[in-house]
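Below is one structure; the comments refer to it alone.
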């Protein structure tokens, strides 16, 4: 049996390997350090992610190199996905600093395990972005979601946490199975799991005279449904509000972004790179999904009093916007903005949504709950926190000059370029609808008088994180050019 | 850039003040007031310099600034003013300064935050008037919303939160539609020329298909119609005015409303001339409805502020009437109504504020006989009420006359109707003036020499023991002190300008001329 | 394979099944006599000569005993579980090669029921399925002791299953196949070690694996000293506390059949199976399996029962790492052997 | 490989089931059946049972199950590697060593965390 | 015995997949739902192996191996969550788990 094993180009793998190394360090530290002396691990995790972020720079992403026989691709798309995953990871850790050790969750949470799970999920997301074949996508997605299932249940003495995790897990596993079945069919019909080969095979099929086989459409549908679950698109969103509400707040922050990045990266890789010859078939599907997702998420969010749950529904709405970006796909030409706008939206979303959850965590550390009432009079108690929350809310709403506006703007631009005016108008109307619930938080903070007990607490890292995110919402919006250019280079990767 | 970026300086001077206040949490209330005054004052002085240096003969934009921002998307930092925006910039800086002075004593709570909001608001408003890039314009447009909503929502009166949210949602809904319009125009221009730009002037060069123009016009129009506000999109306005603090009302009426008119002139007309022509008759009709409706509703208001607010709806009807008459008289009229309304209505709100400070109520029925207790204030009341109803010789007359003339030339019936309706304005204004200034105050014993009252005594109205405000305060207008020097200082310049504009509108009209001619060049009707 | 061959295979399997049943019956007799001998007793000697009819007497007795189903048992599962154990137990023996082939009635007949290329995997799979009978029986009994016994049994079986499986990886490396027939053929070659000609039995090249397999096999069959699931003193017979009559005997049958099957497999894997001096043949296999069976009984008579934590600790902390080390070392040696190092 | 081999297994499985069932059915005609309430009680050494039968038990059983699942899959991965050992040679050995090493680290982690202690 | 074709694999796997899916959607016991998911995963494996068999390539089989590995990891997480739940709530009925509602 001739077996040829070619040594992989490890240098391309440095960023994920750094994350993996950090995880091992964390686990080792967990074994040798007693629990009360583990506070420094947060810094270790932050450093690891930061080093990985820096090491992204060292790789020539324009070359589009790949290794492991094409399974791992170091191209401009994977660069951006890694960037978003790492940044979101760093922000999430900043948000969780203090929360994990504090007594907010009964029984506490084990810091080292928490951090390593979180890093595992980041790692998985990076791998999805860099995937060159379906196997890698599958493994990456699973690595990223499995860790989050566990994190959701991390407050294991609190029933709601377990319940959220249970629902998330069951539906997630269900989605995995559906997604896999789709992969199996694609593999069977095209004879390959390499994305480029699939695209080639499909091109031949589509260009042939025969109509596209029903089984291919079935495969497409299965893939879309499976990934729809992962990104919480309606009608596959049922787990989202429960998971967001139940999970420990920093975990909610994290899972609103990074697993979503993984899901969207997989969508881009699978649909745009692999199944682009079938774009006629899936574009409408995605557009409709986008529409009902944004409408449902935003409308239901209006009725929520629990801020975490509200943010959960609102994140469904944002999923709709991102899907709309994907639906604007027209061709793999460099001028196409669709995937780029989606990527930029994810990047922006990390800054807005993690920040919003961060303020919730900030309040929890001061003895408050997570209801709207707990925000009453925050402006009087802590003007800075109130301003930060205002910035996040307005950014989520899409107010200029904050980053959320730019994100939406680019999506609308892509949609109009693609001729999907109705979806652009839908985004705009839904932004107006979303003003109801985002603004209510702002109104409660500024217009109501403080009520309830207040425990002062010191949370330097969290405060720094909130400051970074608030400023990021401003600065990265105003100067979004470089980031956007980076995101727009996705087409180089897929061509 | 080889010249001083005066527009940026004007725009960001208030922002600098706001930043100083933001970064100095221990600032005393006194310091906060002075810093705000300084910020707005610098801006005002610079804007006067701008006006002085403004070349009245030149067509096109002056004092332009340009910095590339997001080049890939054709988004740039482009500023500039022409005859339309320059007076509005000055009006903005002036009214902002006046607002800061007017808030000096009434605002006692969270002073620092208040002035931060006010200064931010000013920067937003100035940015709207000076930006030439649609994207930048949109950003300033939205930025304005938050501080205004906060001013209403935090420092307003009883029902403030409702009013703030309503204001916010209305304007947001409109402006989001405008966003789609912006992107659509951008895309249409790109498809036509292959150039990505959001430069208003450049975009105006493009020719767009009729169908596209129709709905893009509508997208922009809705945003501006809500802002100006036009009937039937006006419902946020009375709430916002009634609940806002005095300075908020002044700015709201004096400047924010003008943005709608400015938007029509700057965007709708140049970008979509065909659609403008097609839509104009409908808009004229709606304008007339607004004029009549505003006046009639103002007539029955028991609340002073509401009365002034509805009078604004009516006045803004003249603005849209003038603009969509699409001739020179109409446009001049619209612009002058806008400026005059800024001065006069601003002053009226200030006067309401003066009364509210003393009486803690705005019920018309709570006042009376001010000519005796507050002669100075009564004089101002008279002056501005007359200006508002359009007495010749005061600013209101010039604008309304020109607007009606424009309307008359465009659609005879429209001019006639508008002319007739002016009588309504005289009715509600004069009646209001009579009730608060002339008639005896509640609780005042009747003047035995008053023949009218002798008649009234026959019906034996038992004299009340003083008017009771909504908060149960016992107010007696007879004891009100007259204007203090700060109040006087806020009102006097407005009064001077009102008279000056009424007597000598030529100065402003010469500033306006090149710009208005340019706007009209798209419609092929130039000259008076 | 044609129909005839299929039928022949099936008949062979059927015969094997029945032989196993008989063997099992006499295994009980053998064990009791042997244990008695170890303990200086006589053991059953009344029924028939040397008590040889004792197993039949036991069978008759058990079949005529009342079959009690406890009131709060999960009835269906309770009834089916022992059958499951019993049915699955002999299946492992199907892949054991009993010889090359004989000619009978003019046609060549292979002396193994089936030869599949994943025979070892199959054996492991069938072996681990037997645990279902235990866990279901324990669960369905509605008795705390039964459930605990079943859980213990499950934990134990799956823990040792790992060791069992991993201990064989070394053999796979050496033979490059999972088929028992292939493994047997590999052992029929000669191993030359320092001028000494030895049979290429894997007990010689994989001694550590052999020890691991032996220990794991004993544990897998729930035999002493690993018979914690049925520890009478702690659990009142564990998972079959509530069973009586012939269902009870099914568990017994399964246990003894498992012993025999494991012995046969072990003999094939490590002791060369039918390979032996003079003439290869089934007798060698039987003899070797007998050694294992003797060993089973010997253990039971000699060693006390483990404590549960010792049992689990042994599997996870000692045997599992050892098995991995064995794989590593075997791999290194093999690399050196094929000149790849 | 022949599918027929598996067919034989299936047939024998059925045969064994029939044999077992037959034995039970035969026993039915021989054995007595006289259930009494006391006889049908769960066996508790004669003491009446008061606690629910499905009482809680230590979570370590789950831990073992979870560990098993992980390592069993490891074994699955090692089998094909072992069979193809000669072809994969040194490079394959190193990769397998890496794989096993990682799992071993995992085992050590569990060990150190006390997951293997049974007290 | 008739010839084995890919269709046989596919029908079997489709049947298993649908059984699993229906199970997930209709059953209320968390453990059974979970088992149904596992059933679906194994149906996928059958599909993979069927296609690999048809194409005479190993890719599908390798994929199936990875699916098994991931399914194991998933089982670990899932059982952990279910265990935590049953210890807190004494039930594995999904309908009884509804703390999270407005």
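Letters A, B, C, D and E mark the chains in the order given here, with residues in each chain numbered from 1 onward.
Methods note: contacts are C-beta pairs under 8 Å (C-beta built on N, C-alpha and C of every residue); 3 or more make two chains touch, one makes a residue touch a chain.
Just so it is clear, the model here is predicted, and its values are computed rather than measured.
K.L.:
Please report the minimal path length, in steps, between chain B and chain D on the chain touch graph.
P.N.:
So the least number of steps between the two chains is 2.
K.L.:
State the remaining connectivity among chains, in groups separated by ' | ', when chain A is set aside.
P.N.:
Result with chain A masked: B | C, D, E.
K.L.:
In terms of CA centroid distance, which chain is the most far removed from chain C?
P.N.:
B
K.L.:
Going by the average position of its CA atoms, which chain sits the greatest distance from chain E?
P.N.:
B
K.L.:
Between A-B and A-E, flag the pair that has more C-beta pairs in contact.
P.N.:
A-E
K.L.:
Work out per-chain C-alpha centres and flag the one nearest the whole-protein C-alpha centre.
P.N.:
Measuring from the global C-alpha mean, the nearest chain centre belongs to A.
K.L.:
Could you please state the distance in Å, as a whole number, between where the Cα atoms of chain B are centred and where those of chain C are centred?
P.N.:
95
K.L.:
Between chain D and chain E, what distance separates the C-alpha centroids? Give it in angstrom.
P.N.:
19
K.L.:
Counting only Cα atoms for the centres, state how far chain C is from chain D in Å.
P.N.:
14
K.L.:
How many angstrom between the C-alpha centroids of chain E and chain B?
P.N.:
66
K.L.:
Can you tell me which residues of chain E touch two or more of the remaining chains?
P.N.:
Chain E, residues with two or more chain partners: 73, 80.
K.L.:
Which of the chains are touching one another, listed as pairs?
P.N.:
Touching chain pairs, listed by label, come out as A-B, A-D, A-E, C-D, D-E.
K.L.:
Any idea which chain D residues touch chain C in the complex?
P.N.:
1-2, 4-9, 11-13, 15-17, 19-21, 23-24, 26-28, 30-35, 37, 39-45, 51, 53-55, 57, 61, 64-65, 67-68, 71-72, 75, 78-79, 82-86, 89-90, 93, 96-97, 100, 104, 107, 111, 116-119
K.L.:
Give the list of chain A residues in touch with chain B in this complex.
P.N.:
Residues in contact with chain B: 379, 383, 390, 394, 398-401, 405, 409, 412-413, 416-417, 421, 424-425, 428-429, 431-432, 435-436, 439, 443, 446-447, 480-481, 484-485, 488.
K.L.:
Where on chain C is chain D touching in the complex?
P.N.:
1, 5-6, 9-10, 13-14, 17, 63-72, 83, 86-87, 90-91, 94, 113-117, 121, 141-145, 147-148, 151, 154-155, 158-159, 161-162, 165-166, 169-170, 172-173, 176-178, 236, 241-242, 245-247, 250, 308-309, 312-313, 316-317, 320-321, 324, 327-328, 331-332, 334-335, 338, 340-341
K.L.:
Applying the document's contact rule, which stretches of chain D touch chain A when the two form their complex?
P.N.:
For chain D paired with chain A, touching residues are 84, 87-88, 91-92, 95, 105, 109, 112-113.
K.L.:
Within the complex, which stretch of chain E touches chain D?
P.N.:
These residues of chain E touch chain D: 1, 4, 65, 68-69, 72-73, 75-76, 79-80, 83, 87.
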